[in-house]
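Letters A, B, C, D, E and F mark the chains as written, and numbering starts fresh at 1 in each.
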Amino acid sequence: MRYVDEFRDAEKARALSARIASLCEPGRHYKFMEVCGGHTHTIYKHGLEDYLPETIELVHGPGCPVCVIPMGRVDDSIYIARQPDVLMTSFGDMMRVPGGNGSFFDSNAEGTNIKMVYSPLDSLKIARQNPDQRVVFMAIGFETTAPSTAMTILRAAAEGLENFSVFCNHVTIIPAIKAILDSPDLRLDGFIGPGHVSTVIGCRPYEFITTDYHKPIVVAGFEPLDILQSIYMLMLQLSEGRCEVENQYSRVVPWDGNLVALKAITETMELRPYFEWRGLGFISQSAMQVKEKYARFDAERIFNMPGLRVADPKACQCGEVLKGVLKPWECKVFGTACTPETPIGTCMVSPEGACAAYYNFGRFTRQRVKEATAVATTEASKV
Amino acid sequence: MRYVDEFRDAEKARALSARIASLCEPGRHYKFMEVCGGHTHTIYKHGLEDYLPETIELVHGPGCPVCVIPMGRVDDSIYIARQPDVLMTSFGDMMRVPGGNGSFFDSNAEGTNIKMVYSPLDSLKIARQNPDQRVVFMAIGFETTAPSTAMTILRAAAEGLENFSVFCNHVTIIPAIKAILDSPDLRLDGFIGPGHVSTVIGCRPYEFITTDYHKPIVVAGFEPLDILQSIYMLMLQLSEGRCEVENQYSRVVPWDGNLVALKAITETMELRPYFEWRGLGFISQSAMQVKEKYARFDAERIFNMPGLRVADPKACQCGEVLKGVLKPWECKVFGTACTPETPIGTCMVSPEGACAAYYNFGRFTRQRVKEATAVATTEASKV
Amino acid sequence: MCLGIPGEIIEILHDKPDLAMVDVSGVRRAINIGLLEDDPPVPGDWILIHVGFALSKIDEGEAKAALEFLEGIGQAYADEIAALLESSID
Amino acid sequence: MCLGIPGEIIEILHDKPDLAMVDVSGVRRAINIGLLEDDPPVPGDWILIHVGFALSKIDEGEAKAALEFLEGIGQAYADEIAALLESSID
Amino acid sequence: MSGVPESSGVQEHPTDQPPAANWVEEAMAEHHATEHELVPTPGTRHASREQQVLDRIDKARRRRPKMKEQRITSSHGAGGKATHTLIEAIFAPAFSNPLLDKMEDSAALTVGDARLAFTTDSYVVSPIFFPGGNIGDLAVNGTVNDLSVAGATPLYLSAGFILEEGFPVADLQRIVDSMAAAAAAAGVQIVTGDTKVVQRGKADGCYINTSGVGVREHSTDFGVDQVKPGDVVIVSGPIGDHGVTVMLARGELDIMSDITSDTAAVNGLVARLLAGTNGVRAMRDATRGGVATILNEVAKGANVAVVVNEAAVPVRTEVRGASELLGIDPLYVACEGRIVVIVAGDCADEALAAMRSHPLGEQAAVIGKVVDDPPGLVLLNTTFGGTRIVDLLVGDPLPRIC
Amino acid sequence: MSGVPESSGVQEHPTDQPPAANWVEEAMAEHHATEHELVPTPGTRHASREQQVLDRIDKARRRRPKMKEQRITSSHGAGGKATHTLIEAIFAPAFSNPLLDKMEDSAALTVGDARLAFTTDSYVVSPIFFPGGNIGDLAVNGTVNDLSVAGATPLYLSAGFILEEGFPVADLQRIVDSMAAAAAAAGVQIVTGDTKVVQRGKADGCYINTSGVGVREHSTDFGVDQVKPGDVVIVSGPIGDHGVTVMLARGELDIMSDITSDTAAVNGLVARLLAGTNGVRAMRDATRGGVATILNEVAKGANVAVVVNEAAVPVRTEVRGASELLGIDPLYVACEGRIVVIVAGDCADEALAAMRSHPLGEQAAVIGKVVDDPPGLVLLNTTFGGTRIVDLLVGDPLPRIC
């Protein structure tokens, strides 16, 4: 696959890996946060950490848009889905995320009709095909996805569709990064910036990280070489004493973002005063809501949801895990109250979250896995 | 079972049979019509003809309320059932009766929702339980069943039910008998009168049969001894030169009928100018429709049915078979165009109809069946 | 025409006086007795049931008379058969 | 975050000009290109697809530059390894 | 309103000749096409016109049955004529092989030296729970029974579940526990299984398929083709309990009763029977379609007549009451723990004695006899002393009003 | 709107403390109940707090799995973790017996001298017709394959149909014809059957259960418990074709492709393999859950580690394209004509050669190796040169956006 396979080349990875190792100051431990869930996925899927020296640690950030949706919003979605004649749509990723009373799958088992769609536009098609149903698109995602929702609202408005609305759960990444940066016990050395968010917002919004917090950030692509190169670029900045916003992903990310996309968002949505993030609590101005002008497409205005919050236990320590202060197993509720089947915090929702990964495979050290695969490779090559 | 088993006693049947035989004039052939499908069923179910001499023949009349419903009315019912949000109810017997495009079963296979009910009142319950459905009771039956429909309409009116109506296909027996009597080639010697119709209309309406047409009639019960006794009473009238309306079924049928039931019918229904009978054509004033006063419960007024007729082939000769003029196999379409799977005339709809019975078992003479069972009984008694 | 089955009134449902619980050989159903309002049945009465309605009361006396007639014919028949057999023995 | 996949524009659907047929390794889907209206893509262009929308055009020059950089590093690494091996043979 | 109209009489409809239905037109075309068949060919033996009509019907009947419907209807699942047509028109010709063509309750296989029986059934009963059982024990017993009536000892069962999204786990647990108990009671093991989940609205809670393997230890083969004139027909107990129970359990008829399903595994009963007599010709469990359907299959399969003595057929009082009220005939109502046995006439006593010695056969009764003529028919000597033909049912036994 | 808010920061919600979800309260209660377990008992070896946490998780994992859900959800049918939990929590304990407990694709029976294999599967695929096949050949091939991978020669199949009222007879005919053709191609006979019709809206057109009986002619028993470190893993061809085909055939994703299902009977391929080598330890067909699920079953069943070489796994270009677009991993996508074979390390070459000599195995490839540590895990050497764990899937492979 063009623009994919070239960036998965093991040969080049080995070279980068050597460069990175050569940049490590002896005795120093590095922690970089990959903000984005997509990066976490790439790192996991390709086993990228095998290319990093033990002294470089990657911290998985809050950038998985389904993982951060709090239980109360899942419950509100189910509340809407239970209203008469409602057909709800959402992305496949949302289906298994538990609310206070189970997930969308559980809710469907009790009679709601929540369907997966590949694109928000598919919800419009469903709405046209089912004029007697009220189709509600449960929208999630960061700035990457918000333009698609915005375009969908604009299209619905242009068509005058009357049985379509959006339950808007779009979140913005900058306030989440800021919340982490504001923590007094922060132990991060730099950020791998979210490449696809940046196609929309560009690279400028990260400048405060370098100017106000003096941490380097490299906006990175999603192939493993992209990430490895970004780490190399971060290490280079650190070793050279620089602290800049750099764009590793220049083949896709324009420095100024996508103005058409930003316009579509600004036309249809506005910032909320605050929004709850699973495991992180309330973060001000960290999410979007539908503007008054498009009120007729706003499920929050159409359906009178209870809007009840579901309390996370006080012991929940996602914030600390995200900041790299605590190991997953050090969280008080890890493995007892908080498990992959019943995740309380954001790090437990996706199997790639730090806590879920540790829960499932904590007993198998990376070293043990590497030895096993090395043995197998050696022996298999004999075959 | 009380009032049932006593009237199924073989001992008494043998005695009656001997009496009947003794009343036969040598060389004379007798034909009696049992008007009622219920009687046909009893005769068939209990093998009653084994008790009759060969010179007494029973002709199965037009009194099976589902068999006489013409294809057009079945099609109209299906048309109604296909309208949005319609839930139709009817009796089990109707489900298999074919219209021009198949039966209710076929129609359900294509998506309609036609449910069987035991009682018209059950349709009201269904209407209450499904306020978003338009429940239409497809009513069939002679005067026996019409009061139940009438009471159901009155109950719906009293409750102010807004999602219930009746597609009225009630027919009246007297015009059908008259149509048969009016035939120039009539070959009947008397009538076994419909016992359960008579619980409602009483015995007086049959008087014209004796006064105008000089044929005896005995209103009969539904156990085999009831029918055998009625035949005995008919034979006795013939042998004594009498011609009267007699009531064999006096334990159930009052001479004057059921005035409450008649009042309920008159309150809610009125005669139609004419109505089509399957295989018999149009008979004037032979069916009921809902009165203007109860228009809101009249499916014929609510739904704008096409009311198309489906033509019976000209060759159809049900009238002649019913009057005893033709044997089933003498009908031109018998066994080719008209079969039990695709019945054109009324005599082919129910397996007990003259044509269907002959189609299925014509090759097995009653004599052959009797011999077979006699052998088995003799041999079995040795066991 | 139309299937009619005898059943015994077990109980008039006092909350719904036009309904009676009726027993048919050990199975029970609530039956509408509104068509018998001129002469309402009581527990122990037998009625004729059609599509959930009681169409008429069953007259025990008439039933008995009918059976007696049938038994009479049966007896006469038996006597004749006996006489016939006797005569053929002779 | 958020899954983005490169695809090649095969055809602009002229009846629906904000839709383009896009090929991803032999499978095809109509993708909304409305977000690229400032610089509309043409057949042969590569775009980044996210939830049915084209988020940006892929810049071939930048991609080439990135790969050249990586190859440069790779070459340097290979040279070093070779040098290392040579030195150890010596 | 007295029912007497002022004037009456058959008359023509005032409008033009209406169109005929498609099927009527097709049927009439066929009619005209075959009409010439009735003209006696010179030189051939002259048959009466009646005989010619009968011959034509016979000829049509011998043709491979065709599905006239374009869509599956509920009748195709009722076990009567439509089910037989579906099987004969679609399944039998496509899958035809000597083992299948026997159309027995289970296939008689031979693998190496092992004589096996193999059978399958899916269970879709509604409601899933009913007095006397549930879909789970029904599924185990039904397949055990199809093996047993082939004279096989049931050994191993498979269990395939199709679950509807939303089905309560507690209900599934109850069903599974019933299956385990039924398997233990019948002495069989469930050794392989499968579970599928379908979307809400694509099933009815829970469907179960069980297939079963048994060993045929008797050297004789049982089967309908072994039946001969002179044999007698035995049923193992009162008929119709299961069918009436389920019909009433649906609640739509509002009829109350204390009837419970007869669901049970009959392998013990069959073992007792086979130990007690060598005269068994054929056995079937009288499920969907009831005893009448089984006997029609026997009559047709063995080309004999079966004569049943109505008064001898055991039917519980309540089953009779419900049947009279609904206008249905217990002979067509399903049992799930009753078997019909055809046994050589001179072995009837020992067969009956053997069956009656088993709890499930306490009320076993000889209900009829096999004779040679008229072949293919089931005849009934009625309680009333008359006779009639007991045909295959056209559809389900539906509640009737007339 | 630039994404940069004017102010930000974590803050408390302005309202009172909201109620906790029930399950959170229960989980917290459990948490408090087990908290004391972390206090090291005096006199016992002092474990680190991390080790204590891991021990506690391990202990919880070894408990018999409990169904947490009160209702069946679609995840229970997806073949991943929820399916395993359902089986282990509900079916396995109720039906437990030595044959079932092996949890193989088919049960290995012995009847008399005959060594048999017996299996069942229900098919509920939607859509019923898809490029490359339909529910009918799928049902025949699937059961043939479950017998084949047990090392058995498939002989006899049952066919149980659940038809929805209204299902077109023409579609049924097409399905039945496909089944007949598939049976003929695989050399098996459909010897017993059953048909049920359910009300409109109580099924999805047509469901089919097939069960199968085969004979195990090889003296060795194949099975996951035979797998040993040093064995190699072979797949018979490109993976994921069937699952991707069906996913796209539903039409909801609006993705076009020329991919067709790989549905095929593998008994010929297996026969070729077994003729070519004595080294086969275990075989499975990689259906629901895909190759990854099979390998997890192997790792757990044999208590070994399986190491897969990602670059060696054959995946068609289009399958890869669709998978990338939808964010799913071909390792989890169902095949219906591909097998995973575990073979002794020194027999890998002959096994591969044997498979490649058969049309269905032309693209067979060694994809991995069995080692002893860490037991129970599937590990992947990625194309990129990294490593990762390939776990059981939590639910269906769903289209993802992130």
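One rule holds for everything that comes next: a residue touches a chain if its C-beta (ideal position, glycine included) is under 8 Å from a C-beta of that chain, and two chains touch if they have at least 3 such contacts.
All values derive from a computational prediction rather than experimental measurement.
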item: Minimum number of chain-to-chain touching steps separating subunit B from subunit E; value: 1
item: Whole-Å gap between the CA centroids of subunit A and subunit E; value: 60
item: Centroid spacing, where centroids are CA-atom means, of subunit C and subunit F in whole angstrom; value: 66
item: Distance from the mean Cα position of subunit D to that of subunit C, given in whole angstrom; value: 90
item: Residues within subunit B bordering two or more other chains; value: 1, 4, 9, 14, 37-38, 64-65, 91, 108-110, 118, 122, 141, 145, 173, 197
item: Junction residues of subunit D, two or more chains touched; value: 1-3, 5, 24-25, 50-51
item: For subunit E, residues contacting two or more additional chains; value: 69, 71-75, 165-166, 253-254, 320-321, 324, 327, 400-402
item: Chains that touch, pairwise; value: A-D, A-E, A-F, B-C, B-E, B-F, C-E, D-F, E-F
item: Partner subunit A, residues of subunit F touching it in the complex; value: 1-13, 15, 17-24, 27-28, 30-31, 34-35, 49-50, 53-54, 56-58, 60, 68-69, 71-75, 230, 232, 252-255, 305, 307, 309, 320-321, 324, 326-327, 329, 345, 348-349, 366, 368-369, 371, 373-374, 377, 379-389, 391, 394-395, 398-402
item: Interface residues, subunit E side, partner subunit A - complex; value: 165-166, 200
item: Footprint of subunit F on subunit B - complex, ascending; value: 108-111
item: Complex contacts: residues of subunit A adjacent to subunit D; value: 1-4, 6, 9, 11-12, 14-16, 18-19, 35-39, 63-65, 91, 118-122, 141-142, 144-145, 147-148, 151, 173, 194-197, 199-200, 222, 225, 229, 248, 250-254, 258-261, 264
item: Touching residues on subunit C, where the partner in the complex is subunit E; value: 1-3, 5, 7, 24-30, 49-51
